[in-house]
Amino acid sequence: MVRRVAVLTSGGDAPGMNATIRAIIRAGIANNLQMYVIFEGYKGLVEDNIIPVDRTFVSEILMRGGTIIRSARLKEFKDEAVQDIAVANLKSHGIDALVVIGGDGTYRGAIALAKKGINVIGVPATIDNDVVGTDYTIGFDTALNTITDAVDKLRDTSSSHQRCTIIEVMGNSCGDLALFSGTACGVDLILSIEYRPTNEEIIAKLRHIHSNRARHALVIVSEKLIPNLQELADLIEDNTGFDTRIEVLGRIQRGGSPSASDRVLAARLGVHAINLLVDGQRNRCVGIVNDKITNTDINEAFEQKRKTNEGLIKVISTLK
Amino acid sequence: MVRRVAVLTSGGDAPGMNATIRAIIRAGIANNLQMYVIFEGYKGLVEDNIIPVDRTFVSEILMRGGTIIRSARLKEFKDEAVQDIAVANLKSHGIDALVVIGGDGTYRGAIALAKKGINVIGVPATIDNDVVGTDYTIGFDTALNTITDAVDKLRDTSSSHQRCTIIEVMGNSCGDLALFSGTACGVDLILSIEYRPTNEEIIAKLRHIHSNRARHALVIVSEKLIPNLQELADLIEDNTGFDTRIEVLGRIQRGGSPSASDRVLAARLGVHAINLLVDGQRNRCVGIVNDKITNTDINEAFEQKRKTNEGLIKVISTLK
Amino acid sequence: MVRRVAVLTSGGDAPGMNATIRAIIRAGIANNLQMYVIFEGYKGLVEDNIIPVDRTFVSEILMRGGTIIRSARLKEFKDEAVQDIAVANLKSHGIDALVVIGGDGTYRGAIALAKKGINVIGVPATIDNDVVGTDYTIGFDTALNTITDAVDKLRDTSSSHQRCTIIEVMGNSCGDLALFSGTACGVDLILSIEYRPTNEEIIAKLRHIHSNRARHALVIVSEKLIPNLQELADLIEDNTGFDTRIEVLGRIQRGGSPSASDRVLAARLGVHAINLLVDGQRNRCVGIVNDKITNTDINEAFEQKRKTNEGLIKVISTLK
Amino acid sequence: MVRRVAVLTSGGDAPGMNATIRAIIRAGIANNLQMYVIFEGYKGLVEDNIIPVDRTFVSEILMRGGTIIRSARLKEFKDEAVQDIAVANLKSHGIDALVVIGGDGTYRGAIALAKKGINVIGVPATIDNDVVGTDYTIGFDTALNTITDAVDKLRDTSSSHQRCTIIEVMGNSCGDLALFSGTACGVDLILSIEYRPTNEEIIAKLRHIHSNRARHALVIVSEKLIPNLQELADLIEDNTGFDTRIEVLGRIQRGGSPSASDRVLAARLGVHAINLLVDGQRNRCVGIVNDKITNTDINEAFEQKRKTNEGLIKVISTLK
């Protein structure tokens, strides 16, 4: 039976990580578990930066962005010798299970520990929405709202000057931030891995808009999709007549108080993670699939591929 | 075959109504339909306040709260004679179908028109999340974020003065706004139709908090649940020692620019409404069920009862 | 020479109090003073709830609403015997001076202590902008922005339904919150202590608006000005035809992260308070007058009367 | 006597331009003037893109970012022949005076027209706070709040990863946005034209912070100050051990709904501009100096130099 459970956050931080930590700690204590936190992710695990915590540790953190137990990257964690130190540290505290909060890289570390006999539970938290075993990750909704707010601001200035504004959003290798924020903002063009108009289509669309006096254009592009955004801007400027500017939204997308929806998801997934441990389950990752809280074997999840939201792409095509 | 389609908004306004109007108008035009808007809901329909519109009518409205075609209540619409005027007005414009955006009251009007041979499609938009045929209504997510933001502000002052603050939120006869916002804000107590601690439980919980020096308490209550909030405040004050204040959030919950999630839902449901008409379907209401866009017969939907989110209530019980 | 300085917050909390505490503590330490905080205002002073602090005590508090050292009211503080306990507590810690953050009531307590030989400095922080010796108080700008945001939301729903919405804002006995927010929001009518149209003027104005189809009206009213808002609403409804609703914004006006301007004012006034002590000054209150940081004798300040912003009232009359 | 007055916006757009347009148009109409707007700044003036407007033209624009009459740049406006066309267009409409809203470049165009006998009034609106004849420009306060909000978000992620984050803010050749936002956010270092620590000071400060485990650092830099931010980042990374990232906030700083303070300033300056015309004054620029609404000869203003806010720089030095 599980009695001592530790929590860590790892990889890029996401809004809602603190709400998730709070839910896990409170649900653990409600189930009479002794809860621990590990500071700075796998780095802190290897350095034995581990402390037991009670309910007061998580008071007044729910609404705060970032992660109060901090995150870090540790390349050396792929070495088995380093993993063995981590395992030894967990055992020295008598910790029976580890809940990891983060994205795919975080899960990879957890799978390595699972192979060495540690019971791990993964909770998906990243703004990129690119984690297996869940339709939505904690942090995605907040990042969408942050992007939407930024694009609404850029629209003011783009419209006042009748410009074409190219906006780069995050998402790593997943286009969801671009597709959802582009739909939310009603932009003129979206370019993502899953939906990529040709240069000819881009120019035709923007020429059509430019021919309409007093109009401006907004284009949302996924990061990493286009090697050189300036070339795209030049292409547009040369072929459409639009004064064209590039805006890279950057890490403001990672920060901020979590949205209501992300906080609720954090509560639900955090409680589910503890419920699985109490039920004696091992090596699962939790998620929300078809609006139901669920869980998957963390190894199997990794072999699946995320599906593209074809329905949303059709909506984008209709409204363009 | 449908060729002329009109849109109206009715009942309480909700953030995302304008985004819905935009999606319907643009999707209609993309499908070569002639689109109309009716101002001021069924009142405008009876008064023939109907105009044809093109794409420019809906430009730059996506991000605006409220409804640019306005809403109104018309008690007389339950009279068949009044409904007949509405039908005659639609026919005089050659309008084949009517898309209504709103809540249950709005659907009721649509069903009356359906009985008289008008093809109607319902799109659920209200902050109360109390419409049949959908898990979530357009506007609910924005209202949740507005409440969350307000509660975060009230927490500052409640905490500085170590008070108990009772916050009344909207929701009509549905507790979702209370349950979701209470979870999102991590409040100490939630009182809704679906989840109602006894007075003894309320007092025990708040006494426990008050015994802990330097603590404060937040209580979220659904509107219409408790006839006299002042009595509840007095009960708490007399039995726990807490200086207790009441805050009624009011209609700020109805306003504001829609959240990213509500804008995306508006786009998806608006396009689906037009797709149904183009496919020759009649008298449906659209919705999102298990995270899939779907539709139901508008008469049948009305006979169903909304289910309580039991999973969320368990999460609340665990984290309390 | 001053060597030990204590800080307290008292009265209603205001956004920017934490930023003020931070500025005072950091400026004190930069001047080699030993800094103390007193929890829960004069109550904590009498109960000897006083601790020495270093820079880490104020890290990451700048952006938070409320006051981390909390506030409280203590009616008994007007008794000299109670004040004597306060003085004894300060002396027992060897504290040479006390910086009080708050409004008029807070200053009154400080003046009592000054009479007993304690060196006091007042820093004005309240959303009501009703403190002597300063044109603007810390927290006023944030509250204005909170009101403006709320009124923008209420405008959405008021406009969608063509209603008259009466909005009560705070301000205690000072109309600045009403006058400034009414100007910022471009409302149709403002009712404050300094600017009070007659009932005839109110009705004439709203009748004129109502005669214009599809219009709505917003009215901002200072708290405590009108004994019964429902009577005003009934008067309007009976005489203009407007469906009229009342919204009381409540304590959300006190909370939230401080605006940029309030944070800068907090930094400037906090540093100035410490500079005065280092310069050997006694019993001053700091403020911003004609956009310059300044200070006044705290006793004299109390005898002055705040001037009404006549320029702003003329602007309101012109734009109405 | 002035009877017909036109308004234009020119140069970079700023939040509050629409509120300014509204105040000018409404104040003009209240004084029985016939008001005109010119679209797209001096370009529209030369192209005769001028229309008469009434009160409804400015309804519901107060809270919107950008400028509904749009802005544009017209290099050719420095040619007298082009200016003569502008003058002729104004005369053909019988326009007696022109109110220009913008920054220094906008004033330069107005001065050219003044030399040709047109009565011009300048109203300062730019986020950069770099206009003569005023302490604060319309739009500055909103941009400060936008930066503050963005830095608060970046703090979450910077702190979670214990990074040094360099944030570039706008301001053109004026450091006010950096100095005020740096103070508002309590950042560790500010680099502006007026306040420029040496590289040695930068490294010493950041080394000190880095030596303190679990700390992160925020640096705000004025645009155009440092030719290559990557070199600064490399310098910091090589000499302090901090993982260092650059964030360029970009044009989101120009957009968004104006803050309460900017809206009030817009109302006051807009009304003052019309009052000057009604009083028969010529060629003035309006401003707020020592918190009083005032005006200056537009030619003389141009010869003055803006003063650095020495008081604020001392505050920054104390709190660093």
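Structure notes:
In this document, chain identifiers A, B, C and D correspond to the written order of the chains, with residue numbering beginning at 1 in each.
Going forward, a residue touches a chain if its C-beta (ideal position, glycine included) is under 8 Å from a C-beta of that chain, and two chains touch if they have at least 3 such contacts.
Just so it is clear, the structure is predicted and the values come from calculations on it, not from any experiment.
Put simply, the chain farthest from subunit C by mean CA position is A. Shared residue numbers account for over half of those found at the interface formed by subunit C and subunit D, and the copies are therefore classed as meeting with the same residues. One simple way to say how far apart two chains are is to compare their mean CA positions; for subunit B and subunit D this gives 40 Å.
Between subunit C and subunit D the centroid-to-centroid distance comes to 28 Å (mean Cα coordinates, whole Å).
Averaged C-alpha coordinates give centres for subunit A and subunit D that are 35 Å from one another. The residues of subunit C that reach two or more other chains are 152, 155, 159, listed in rising order.
Contacts between chains, counted with the stated touch criterion, involve the pairs A-B, A-D, B-C, C-D.
Subunit B contributes residues 19, 22-23, 26-27, 30, 60, 62-63, 135, 141, 144-145, 147-148, 152, 155, 159, 180-181, 183-186, 257, 259-261, 263-264, 267-268, 271, 274, 290-293, 311-312, 314-315, 318-319 to its touches with subunit A in the complex. The touching residues of subunit D, when paired with subunit A in their complex, are 9, 12-13, 15, 17, 39-40, 64-67, 70-72, 146, 150, 152-162, 165, 214, 245, 247-252, 254-256.
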